[in-house]
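Both complexes below contain subunit A, partnered by subunit B and then by subunit C.
So, the complex of A and B:
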């Protein structure tokens, strides 16, 4: 650690050999970084992906987002879900498109006011995850239509089926 | 048509009574929204008295105002008692006033008096003139429909002109004005167009409108998810499953089922899907395209999938041999807003619904899912149909007001407009939108040899959760004897049910042997 001590008019820079060896940079310790990242909420994880290229690479790994999605589901019966979600666009997309708006919408309607994310997460249920997966699947299907050939919809952008999730709640 | 519902939907829909109380208090009135119905009744009496006997009340003009007009209920009571009229007992059995009243109803005179306090923004306030025009519009609509039923076409045409005039005085971008506009349009098509052909679009147009209706409101999503839940539960334990969809459209229902089958414990079955749809024009083979897309999705989630498309312009043209049901398959039949089309009765062809239900029963499906509009639009008398449709589609349009994405909302309205036109303009074979209420379907299906399957709590929870995702708070899911209904403000609009065939002793199997003979 490099310390700048302001002793009156004197600035002393204390860098000793010992302290050089103790110099800690998180980027050298990926396992610790991952441990930290996997405890973050979605918004923080997204912010972490903006820090630097290395963080972006890690914070965008689908495994972290899978962990975020199913962190509080018990029992962990979601074993077979991974290939399905991966085929349809990945956990990060699932979280961004479905789980996050669903949770915030449910949190608001239950009067939690979008406040404590921990409390909001605890009301996740199996039904919620199943519904999110179904909606995610419809979204993937619509994107197949858009990316594909002549059978596309008139004037639609992608993920139109989930647009209702993005609308502000009219409470 | 309840005139007090006209236009109040946007302002009162979704507001809790205490919020309405707050609005009233802010406007300077001390009255609870629960009392408003009684207040309105008394106001009507007061108006009747004042109009009918002006000589008796001239003394009121000479006196100082004795009572505080902000306390609405007691002020009206005191006025009535001054005029020696008995205060009417509130009629609790009156079911017409099912909705909380718009606080601006019948406050025409007072609005001028309390103009200062009324500056606060109450959304969708109708002025007294507009309110009168709305009520008049509804009355003229009914009269016009009655004259159409009686064949008095010149009177009907004159009434249509009158209604066009009334429409200009009403806000026709929302509420009763918009709905009335569509119904007036439908009536004029019936009267002025040759043979009242209604609105017919190409299959491609219909698909687009259907898609936008899917986006704009939860009705189709509710239908799909509920039906899928019933199908999923019926397919439990089977390794070869076959779904027959009588209206494939873009196949939006099936990705979720494929995904659920992929994730079911024990692994996915072999899934066959037979999609029925109208033959497509202009060279496109839309059925095949949808099948390819579904196959791609199934492939990406490792579900063995096979698709077959059957193009038929009328549902009764579909025959069991076209479906090629295998002997060991578990079959599910899916009718989303389609079964009512078979109620078209033609004396030369017998009853298509009985024929189709007959061969479906012989297939012995594990489940038949039926989702229908919850309305009685198949009554023999035109006026009855018209009245029922006015109520039903007013509620539907009210619920659509909450959708804010365009062009979803506009195209969804056109989708509904086509239904309205079919019900109002068409007769005989052309009238395909023959909606019947759930109770009628239940007795009809029971008579055809089906027994109901209860939609379980999973379906109910899923439907409730789906509704919380929609931004409007007016939707409600109810369970009704094993069936689920989705409605707007306690008016059910769409009903979903599941059925299973009661096996006959020694039934003909309706299967196809290798020589294409029906066994």
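So, the complex of A and C:
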């Protein structure tokens, strides 16, 4: 009898635990959700967009990507370049186009996987971010040239593009 | 004139003053030094505006979680603790399962303790970053509001994020 009662209690607590969990939804706590999402790495932030619409909305906010681009370096922001980066496509584009390839390649060549925090900490320096910003400008002007059609003043980007700097090379 | 020594006494007295925090979930009470409890901006505001009685009721936070919060506040109120000690102590506090961490982050947010909010959020981010998003939904009680077509499109758009992913 005692055993039965115990079992009943266990079930009850399980049920109430589940109910409590079901009632809780992180989306009701936007400020906490943002605190958590802004601490993810780039890859996980991309994956987080698949959770639901609200997460996708946050995971695509450019300020979050700005935070991601600069959080490993000091100072943690370069507010002065913000309007320029925004005009050239935004921080998410900057990350995807210039930072991510370098980071994942460095992670791979060391056989440690792209998201290894130790590798990230060592390579994610002020210089990496500055180089990325330069490459971002290069990309922008090359696109501008291509957009101008045959009359583009930059010429054939595929032959003379500096964007090869983003691609893997044998070192 | 006679009140001058009395004033001095009062001025040094707050250091030894204690507050009682009471979890309204399971009525557990914790007696803590005031300077420890004042790391919570919420409690500080209550004390500053004289809204705090002898016992401060803390709604929605269980005794188990409140104990963790107080442990954190005690560590960080200790002026002789080195940064390394604090880092180790913080890591110990957040070495918990994901559901405890969520309760802890809610508590840190409610009590407005910035440092605890940061370490707990970081730990949660680290814990979920390699989980499939179906699991993430379940943990955070999030409903999938995508249509199958939308979900496939979002997934395709973020395909790069799933390289080498389970």
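We adopt the following convention: the second predicted complex is superposed on the first by the 108 of 171 C-alpha atoms of A that agree within 3 Å, B and C clash if a C-alpha of one lies under 4 Å from a C-alpha of the other, contacts with A are read in each partner's own complex, and residues count from 1 in each chain.
In this section, a contact is a pair of C-beta atoms (placed from the backbone, for glycine too) under 8 Å apart; a residue touches a chain by one contact, two chains touch by 3 or more.
Note that the structure is a prediction, hence the values are computed from the model and not measured.
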- Message: In the overlaid three-chain picture, which partner chain does A:80 touch, first (subunit B) or second (subunit C), both, or neither?
- Response: first
- Task: Give one of first, second, both or neither to describe whether A:130 is in contact with subunit B, with subunit C, with both, or with none.
- Result: first
- Task: Please indicate which partner A:55 is in contact with in the superposed arrangement: first for subunit B, second for subunit C, both, or neither.
- Result: second
- Query: Regarding the shared-chain residue A:144, is it in contact with subunit B (first), subunit C (second), both, or neither?
  - Reply: first
- Note on the structure: Where subunit B and subunit C land on the same part of subunit A: residues none
- Can you check the complex and tell me which residues of subunit C touch subunit A? 99, 102, 105-106, 109, 117-118, 121-122, 124-126, 128-130, 133, 136-137, 140-146, 151, 154-155, 157-158, 160-165
- Message: For the complex, give me every residue of subunit A touching subunit C.
- Response: 21-27, 29, 31-33, 35-37, 39-56, 96, 100, 113, 115
- Note on the structure: Touching subunit A in the complex, subunit B uses residues 14, 208, 211, 214-215, 225, 228, 250-252, 255-256, 258-260, 262-263, 284, 286, 289-290, 293-294, 296-297, 300-302, 402-405, 407-408, 458, 461-462, 465-466, 468-473
- Touching subunit B in the complex, subunit A uses residues 80-81, 83-84, 87-88, 101-102, 105-106, 109, 127-128, 130-131, 133-135, 137-138, 140-141, 144-145, 148-151, 153-155, 160-161, 163-165, 167-171
